[in-house]
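Going by the order they are written in, the chains are A, B, C, D and E; count residues from 1 in each one.
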Amino acid sequence: MAEKVLQVEHLEKSYQKKHVLHDINFSVAQGEVVTLLGPSGSGKSTLIRCLNGLEVYQKGTITFEGQKIIPTEKNWQQIRQKIGMVFQSYDLFPNLTVMDNILLGPTKVQKKDKATARSEALALLKSVELDDYANAYPRELSGGQKQRVAIVRALALHPDFMLFDEVTASLDPEMVRGVLTIIENLANRDNMTMIVVTHEMNFAKQIADRVLFLQDGRILEQTPSEQFFTAPQTDRAKVFLDSMDF
Amino acid sequence: MAEKVLQVEHLEKSYQKKHVLHDINFSVAQGEVVTLLGPSGSGKSTLIRCLNGLEVYQKGTITFEGQKIIPTEKNWQQIRQKIGMVFQSYDLFPNLTVMDNILLGPTKVQKKDKATARSEALALLKSVELDDYANAYPRELSGGQKQRVAIVRALALHPDFMLFDEVTASLDPEMVRGVLTIIENLANRDNMTMIVVTHEMNFAKQIADRVLFLQDGRILEQTPSEQFFTAPQTDRAKVFLDSMDF
Amino acid sequence: MSWAIIQQSLPMFGKGFVLTLWLSFVGIIGSIIVGLICSLFQYFKVPILHQIASVYVEISRNTPLLIQLFFLYYAFPVIGIKFGAELCGIIGLIFLGGSYMAEGFTGGFNGVSKGQVESGKAIGLSRWQLAKYVVFPQGFSLSVPAMAANIIFLIKETSIFTVIAIPELTNTALDLIGMYYRSNEYLLVLVIGYAIILVPLSIVLTLLERRVRYGAFGN
Amino acid sequence: MAHSGISVLLEGTNFMRLLGGLWVTVKIAAVALIAGIILGIALGVLRTFKNRPLRIVLRLYLEFFRVVPTVVLLFLFYYILPKQMNFNLPADQLATLVFALWVGAEMSDIVRGALISVPKHQIESGKAIGLSRFQLYWYVLIPQSINLEIPATINLATRVIKTTSILLLISVMDVINIGQQIIEANNHTYPTGVFWVYGLIFLFYFLIDYPLSWWAKRLEKKRLERENG
Amino acid sequence: GNSKKSSSNNPSSVSQIKKKGTIRVAVFGDLPPYGWVNKDGKRVGYDVKLAHQVAKDLGVKVKFVQVNANNRVDALNSNKVDLVLANFTVTPERKQVVSFAKPYMKVSVGVVSPKNKPITKVSQLQNKNVIVTKGTTAENYFTSKQPNVKLLKFDSKTQQFNALKNGRGVALADDNSYLYAWSKSNSKYTVGIKSIGPKSYIAPAVKKGNESLLNWTNKEITKLTKKRFFVSDYNTDLKPYFGKEVKPSDIVLPTK
């Protein structure tokens, strides 16, 4: 098996009284694409947010690129430069232009040279067909365009690992494809290691190497993609898959 | 052809400077289910809102059950009792219980006897499997449940005609089916006349007698359902349909 | 700091305290009534009255209570209109508070979401029914924080009544200081007097506000 | 008789003196606002930190200035501070200080409110690209909260300007105090002078505050329009 | 060493005043003819003239701080001013909180009322509203000696006189001398009670413990009295405002 980029062991997470994640164990290999499926409220977002230090977890360890993460805000801040994350709500900073949104990380966090960062950013924008919008403000973009910029913003830090949390959920149906194509390219062409939460079953089928199926905060199954969509191991997953196409 | 319940002729609508609907002409026959498809921003919501007097239109006439509507707020108020409408954002009144939400129309607008109205409301709630929630407040319900109550609230006025505007768009995927089933039953079992705006293509296929395809505020085609989904008349509709399944 | 001095002054402060409470109470009730009437004029766009209400709100909000009181108390009698000091105070407070309350209610009514109004229309509610069953109940809850802030504001404004010789809390303190020169003691009692009224009120209103914000109407 | 009273305003240098008093008023309000706003921004940012003791102290500061009427604050500072702490300022500077501290308290609440109403997603997006806490505030939170703060701040300014009317109680030579001097000096010749002098002062305040209120309302309306699409 | 330290700490000592080159004097701003601002915006009056003379003799400039009756004591105690020349009547209570220099004027409480409803006896005031200014000897007198009289208490002279004109009380009580002046220019009113309570004196006041300025002021008053300064001050600044019922000897102390 390829090198493990990320390893999660015995992760437990509660919100005040609510126990949301139970004994989560899994790992992701270099270049692997894992999709996280499961009904609403099963803990997908919570899990993926733990992996980026956006949630405090109570127990367990996360090992990233061979190093156990000591979960202080300072450490996370370092690690986040290597783990990109994109959310459902395309949260571009409305007070900055598209270009400035993208440059903020490279120039302010990584202290890169501005000119280099800018030409890199332009190349990335070009790859998502948005180079014309470099100086536009987020409010001038459609949802799909915003989400593509959000992906570029994460990629501009050259992360080793990407997390996507339902990035198309708030898009108009016609906008969905453009965004998914970019993620698909990242997976297949650039061989990016990533974890993707999605409700688009066709898309999941297409990119996932492996599926983690979550239910009530537990991993019910970890199955190679082909097998999951044709013959899932658990009944719950079957019911879930059935409900996803009307 | 069956009796025309609704007839729209030469409808034009602008918001300040923006011309949003151009020369809209169509009619709906008794018991017919029309779905309104089209890309985001094409004017679907605006059109459907004009049909219920929620938007002021600048030109054209709407004829409902043989009578030309004189578009004053007073007239619309009468007509709205016969044309039910359900929105994307399940806007139940948060200050009233489920039952009171439903009873408001029948008892206050139509001055029905409270006991009768209540037993009718209970029957309707039962039909959507929510009779246990009669005394709950909207905040205690899930999105899918709220949307089902919103449909019941509209039906409680015994409308002759129903308008649905993307009623499942803000629901979790697993909640969608329950709501669509109810609309499907209304169409197929109760033979309700209705116009449905939706992005769920499978659902549209299943219930529509006819599809109106809107683009940039114009009706590009009006095609019987079977034909539209297999061989739409316009290229634009083809592109649209392609984009809808990844 | 002398306890004896404080103790001796307590009966006078007690009277001032009661008067402050009473004037605030009457002023606040009056303000709510005036505010409500104005906001109803504005909500229903009653011809003429709604313009009058708007002009009133602007004048009242953009001038100091002190000058309003000076006018009522010192200037109006010159043109033959005379009210007693306490009446002047109450009229002034209501004149001021009415516009703040009106803005609060109007803000609440306008804060009711468009979706709610449209849902109401869609089931055929008339304009009045819409107001009665949808806009007002929700609008009042939305205006609670503004009301809370206004109530505290108005109580504090009663301190200005001192300039028209109403023996409320502040006037009492300033008077005692002028006679017996024990400013430390009297100012301490004065601050405590206001704290007794306003701290609990502020806590209750903060809690209320929190409930309105997070509780009731999360759709 | 009432008509002739208006000429009290034109008598001698009366009108110019009233304007001079107004200038004192405006100057105190302006300096207090500038200083208070700067103070308030700093405190507002601090109040969003998780540090509990700090938050409690700042909250107490806010509540003190909220609960005590401004008239009383003025007297407290005017009489107590110099005696207890040997700290002395002329009345107008002292008034400026009190108003600045008051503005700082109110402003800290405005700033805090605006900061915490920046959507949580924005903070998370910022964290996700590795921004430090300072960078998060500087590039994301503060710029985004400004639209929310401006109307509230203008409204605060109108309140401060109105409240300057009480300065006459601590012998600042503000517009009202000058007005009283004029009323007293012309009382014999113009018995209805009181009406006109207070009337003019009333108008002065209105002319300063109304445009500000109008501006705040307009900004607020625009912001709401932007937010609701 | 202690006393030395405190005197060098004293910002109002004669040496400090001379060093700063300014003396800060509390005066009234709305009490003609004692301390007021005339039509041209100039501070004038009997007290103001005295202040100018004091400054001149100290060889410094004068800076006026306008006060109301009820903050004269605190203006001194909180170091807002060095000297009070604001018609400050010497009373036992006040002596405990400030130091009075030698008096320069005589005074007692009088009561002014409308000519058409004149008040001539204190008994007419029982249970009636009487207007006073906070922190005056008139307020003190009625509070302690006439508890059945209802007092309306104002912050400033302007406010109290306006209140009388608006008929908010049956009469107004204050130091008789300016009531004479006021009633002369307001001919519908008369000083119906010329004097009640004890005769008293008006004197400059300094902060307690400010021996240096107190001693200097005492010498100054003695000197000015001898030089008949107060007589000429009376003639220029007071006499024109008083009616015939006032004689110089009612106000000015005898020149020893």
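Rule of thumb we're sticking to: a contact is a pair of C-beta atoms (placed from the backbone, for glycine too) under 8 Å apart; a residue touches a chain by one contact, two chains touch by 3 or more.
Just so it is clear, the structure is predicted and the values come from calculations on it, not from any experiment.
Considering every other chain in turn, the ones in contact with both chain C and chain E prove to be D.
In this assembly, the C-alpha centroid of chain A lies 36 Å from the C-alpha centroid of chain B.
Rounded to whole angstrom units, the spacing between the C-alpha centres of chain B and chain E is 84.
One finds 81 Å separating the Cα centroids of chain A and chain E.
Shown for chain C are the residues that touch two or more other chains, namely 74, 78, 162-163, 174, 177, 183. Under the contact definition stated at the top, the residues of chain E that touch 2 or more other chains are 71, 74, 77, 155, 159, 162, 165. Taken residue by residue, chain B touches two or more other chains at no position, since every residue touches fewer.
All chain pairs that touch, listed by label, are A-B, A-D, B-C, C-D, C-E, D-E. The touching residues of chain C, counted against chain B in their complex, run 113, 115-116, 118-127, 129, 133-134, 137-138, 141, 216-219. The part of chain C that touches chain D in the complex is made up of residues 58-59, 61-68, 70-71, 74-75, 78-79, 114, 152, 156-160, 162-163, 170, 173-174, 177, 183-184, 187, 190-191, 194-195, 198-199, 202. Chain B makes touch with chain A in their complex at residues 39-40, 172-177, 180, 199-200, 202-203, 240, 243-246. Contact residues on chain E toward chain D in their complex (touch as defined above): 11, 29-32, 36-41, 65-68, 71, 74-75, 77-80, 155-159, 161-162, 165, 185-186. Partner chain E is touched in their complex by these residues of chain C: 73-74, 77-78, 82, 85, 162-165, 167, 171, 174-175, 177-181, 183.
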